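What follows is chain A paired twice: with chain B in the first complex and chain C in the second.
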Partner chain A sequence: MQNAGLEYDYTVSKWFAYLAIIFGIVGMSIGTYIAFELAFPGMNEWFGQYGTFSRLRPIHTNVVAFGFTLSGIWAAMYYIAQRTLKVSLKENSFVHGLAKAHFWLYLLLAALMVTTELMGITTSKEYAEMEWPLDVLTVVVWVLFGMAMFGMIGMRREKTLYISMWYFIAFFLGVAMLYLFNNMEVPTYFVTGMGKWYHSVSMYSGTNDALVQWWYGHNAVAFVFTVPIVAMIYYYLPKESGQPVFSYKLSLLSFWGLMFVYLWAGGHHLIYSTVPDWMQTMGSVFSVILILPSWGSAINMLLTMKGEWNQLKESPLIKFMVLASTFYMLSTLEGPIQAIKSVNALAHFTDWIPGHVHDGTLGWVGFMVIAAILHMAPRYFKREIYSRKLMEMQFWLQTTGIVLYFSSMWIAGITQGMMWRAVDQYGNLAYSFIDTVTVLHPYYTIRAIGGLLYVTGLFMWAYNFYKTMQSDKVLEKEPAFASPMGA
Partner chain B sequence: MENIRELQAYGYFFFTLFLVVVLYAYILHLYRAEKKGTRNYEKYGKLALDDEIDATPVEPNDKGTDETKENKEQS
Partner chain C sequence: MFHWLEQRPFFFSVGVFLVIAFAGLIEIVPDFAQASRPVAGTQPYTLLQLAGRHVYIKDSCNACHSQLIRPFKSETDRYGPYSLSGEYAYDRPFLWGSKRTGPDLHRVGEYRTTDWHENHMWEPTSVVPGSIMPAYKHMFTQNADLETAYAEALTVKKVFNVPYDQPGFTKLGSWEEAKKQALEDAKKIAADMKNKDVKEAVERGEIPEIVALIAYLNSLR
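Moving on, here comes the complex of A and B:
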């Protein structure tokens, strides 16, 4: 073979992995802090304007979604693309340069995002808080990512793209389309002379703005929290377990199902609002149909472990991934239930919604990123993973954290929803708002403790990764399947 | 107005039917291609497992890096 002696180049993948660890700790520590603020509101005053819930909440969501998750996804993409296409970034300095530029510009963007949001500069659109200059920079970062990825695809030795690459391409195209349309904005200073040069207002107004925003918002869940994470599990679970994916045909079918259905489900965020009724119904119906492709992928992953369930007991990495796909099933069943109109009447605006988001993100996204980076660590550094025991402890600690989080939010959300709609025999509201706050206090505290457990697990993850870098147990050869780990 | 609503309803029904047909046709296509022997989809599962850089590709790419190099060397 001509390519004998050639090696994969993990430089950029490794850089993104470091970032994922840092952003994970920063973003989720802020999340835990604001969870405690909700339980103990006095904490809002600790750091003046910079420590209030309203200032920190967008930083939490942005750093976790667009810092931790995207970094984890790109660490995986630069790793999986090389391996499944059988090309090395070493072979083409231009493509490698694009990948490096992608990383550095993204780092700059992330730093600017955190700084501006800490200063309170936002567009006030959920998950699209960055102001227009940063939106322009985002487009440049995205184009660089696309060029690097398609550059590798162009060089490939393997004719067929593995299913993970299909998902990464969909991630690239989907986010590009959503981001461009939702961030169409008018810089107020340049058009009217009002505000600072970096201020803007949305190009859409009223109901249209809400529709575009939630078409974007829900599909950010689709194309950031689902599509690329499915790409990751389709690679890491078969590779770590040594089992080929249970049904490749099912993976193709689920792919097209997910692509078609997801884009129509965003309307469920606007049920009982001023958008047309048929659109609300469509949002509900497509959300329910979405169970099929989502479960198609998740069941495919669980069946991949057929006959190899002993690995679940033996390997903490397999534990992380199997539980991730189980949480994927849980949250993709819970979401459609919440999207049913009659359930939504109770659930909307309650704590059940962040409960749902977090069993998906902490259980599915978080666990997949954690497992992916630990799978890659021995390949990056040619060393054994430092400690299996630490990984096991992390797994159980974080699983407990997630369970505390979503169970407390289920109870809080349903309690809240019931109290809001309770009326006496004359039709007067039975409770005032403060009554709900008093009742919810213990659940808010439990949620914050759940978050604290999860963040503690992240520190254990970072420590395990750091010690792996320095381990003296050097590997002669890159492990083929199961990652070697010390006691 | 009622007329438009009726048309919408028919349109909605037939479009849904069309999509269901497309979905099942795709499943049929996948299985028939395998039965006829034109494709073996399941072998692509190996792309994740045999992913060493010097492993033999499951399906070599004619326009890929090696071939491009070879062409350059020949010219």
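Moving on, here comes the complex of A and C:
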């Protein structure tokens, strides 16, 4: 390697890793709390108007998606970019400054996001709840991120971009485009000089608004929960296992395929709604096609482990990543199934949907972020990971949590969907709506327990990370492949 | 070609952008003009209803309730005629929701009344035993933000040509007129309610959130 002497600067990456841990615990604790509220509604009154399910639900989704996940992604990006481009942030104080500004403004944005949403200031659009002043701040944060990343690309010594960088670039461009178009809104104060200054009204109305929102909402899943996470697995799995990526051609096919197909699939959120039928069908069809590029990446990763499956037994980090890849396959198969019109008629509006979201987010996104940060810890601190055993326990606890979560929600969703349409012998509806709610109590309880297990695992993760910082088992130099870990 | 692109970040980025932007253009653009046309009889929200809609959004009612009746017999039997695109022409933002933890509300004004909502929002289990919906008692004490609602109505009138004040459509008028009308509407709703504090507040010329919210829910037909 020509630049073996290059010393990377992990400052910003490390900051984002701390944030990912904090946001993970906060966001998923809120999630667990509201899951218990559905099972035990009395809990809605514990914190007055600030503790109801409806007020907290957007905070849960935002903190987990845009707090935990984005922090984890950026921790990885600032790490992977330096290493695959063969540059160090130390070399250019301007780019380093951009990266730091990116971090601090993002932290400010996240704090404001939680505060305003707790106060009930929201546009109501899922995953785009922030009002216009925060949208403006988001654009600033995004531009800083872009400048820092392209700054590093501009400085690069390795001419060819590694696969991970393709995905990070797509992540930057995709989110920028989607976010801008979905958040087009008119601040009412500037037009009329009346009312709250931060209030705005959507540029689109009714069906059009829904169309743009789900084109965005679905692709927020694509470009936050998929694209950058694929970037991460393409780096960390080969690195941790010491195995080369199985196939370059397969990664090409998967990348360009994913880019082309994903955007079309947004229509599957609007099946049997008032958007035109052809669009709904396109949503269905492209969702099914989406299996190809999704499974392409996942299979590419699994085959990277070919001949080295013994590592699965030995390393909990490999366990996390291989299971992440497997959950990615599961949820990218489940999604298209739900996008088939007849299945959608049953599944839409039921708990099967949050079930589907969570096997993807907890299993795929969550596990990848957890593994990435633990992989980086010994490189950040030049110390051995504190405990392998703790990681093993965390893995099994969280896997059990996920299984409880999605299996209970599958049953709940299908039960509810079937009960909504059930008729008696005269063709009248067999159940009143409330019957279809009370029947879900046991499943809501199981789901909440699943969430609790997962959050417990996050605390173990945080503890392991913290103890690694404190460890006296100092490493002479950065480990090349498998992360060293204590018993 | 791919090797070439991978060494040139600029062209690579342009390529990625074109590939991802393509679907949006083809799917979204063609339908824009048609889908926003209102069906006959659809009215823009009155000031009080709009303020109530803001309360609905503030407490994220859409997290658990949809406003979209799908064209299935089991849905039309339960909720009424299936939803039409033009009925949403004045909905900014749309509030279809994505999850029915509670029932659909698109035509809730057809079969629920002011006093039902009052009891339900105060203590859901009092009218629906087994309900897991939270109580929203704070809506009985906090006031709705009429001014922001007016600002929004005026904005959509000016910017998007929503037909306020046109013959046969909802009257908005000046801020003074609109406020007076909203208070009159609020009094009609309060007359059907039993909560003393709310009634007194409306007498004083205030509009508690619950009154605005009920006005909005009653308008959903």
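Everything below uses one rule, namely that the second predicted complex is superposed on the first by the 477 of 487 C-alpha atoms of A that agree within 3 Å, B and C clash if a C-alpha of one lies under 4 Å from a C-alpha of the other, contacts with A are read in each partner's own complex, and residues count from 1 in each chain.
In the analysis below, a contact is a pair of C-beta atoms (placed from the backbone, for glycine too) under 8 Å apart; a residue touches a chain by one contact, two chains touch by 3 or more.
Predicted, not measured: the structure shown is a model, and the values here were computed from it.
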item: Combined model on chain A: chain C and chain B, fit or clash; value: fit
item: Partner chain in contact with A:Gly48 - chain B first, chain C second, else both or neither; value: second
item: More chain A residues in contact - chain B or chain C; value: C
item: Contacts of A:Lys239 with chain B and chain C, given as first, second, both or neither; value: first
item: Touching partner for A:Asn310 - first (chain B), second (chain C), both, neither; value: neither
item: Which of chain B and chain C A:Leu253 touches, first, second, both or neither; value: first
item: Touching partner for A:Thr192 - first (chain B), second (chain C), both, neither; value: second
item: Contacts of A:Thr115 with chain B and chain C, given as first, second, both or neither; value: neither
item: Contacts of A:Lys159 with chain B and chain C, given as first, second, both or neither; value: both
item: Lowest inter-chain C-alpha distance for chain C and chain B in the superposed arrangement, angstrom; value: 7
item: Footprint overlap on chain A, where chain B in one structure and chain C in the other make contact; value: 159-160, 252, 256, 260
item: Interfacial residue positions of chain A with respect to chain B in the complex; value: 1-8, 82-84, 86-88, 91, 155-160, 162-164, 234-235, 238-239, 242, 244-245, 247-249, 252-253, 256-257, 260, 478, 481
item: Chain C - residues contacting chain A, complex; value: 2-3, 6-7, 9, 12-13, 16-17, 19-24, 27-28, 31-32, 35-36, 57-64, 66, 68, 70-72, 74-75, 77-78, 83-103, 128-136, 138, 145, 147-152, 154-156, 158-160, 175
item: Residues on chain A engaged by chain C in the complex (per definition of touch); value: 37-38, 41, 44-45, 48-49, 52-55, 57-58, 120-126, 150, 153, 159-161, 166, 169-170, 173-174, 177, 181, 186, 188-189, 191-192, 194-196, 199, 201-202, 204-213, 215, 252, 256, 259-260, 262-264, 266-267, 269, 272-276, 279, 282, 286, 345, 348-351, 353-354, 420-421, 423, 428-429, 433-434, 437-438
item: Complex contacts: residues of chain B adjacent to chain A; value: 19, 23, 26-27, 30-31, 34, 41-42, 44-49, 51-62, 64-66, 69-70
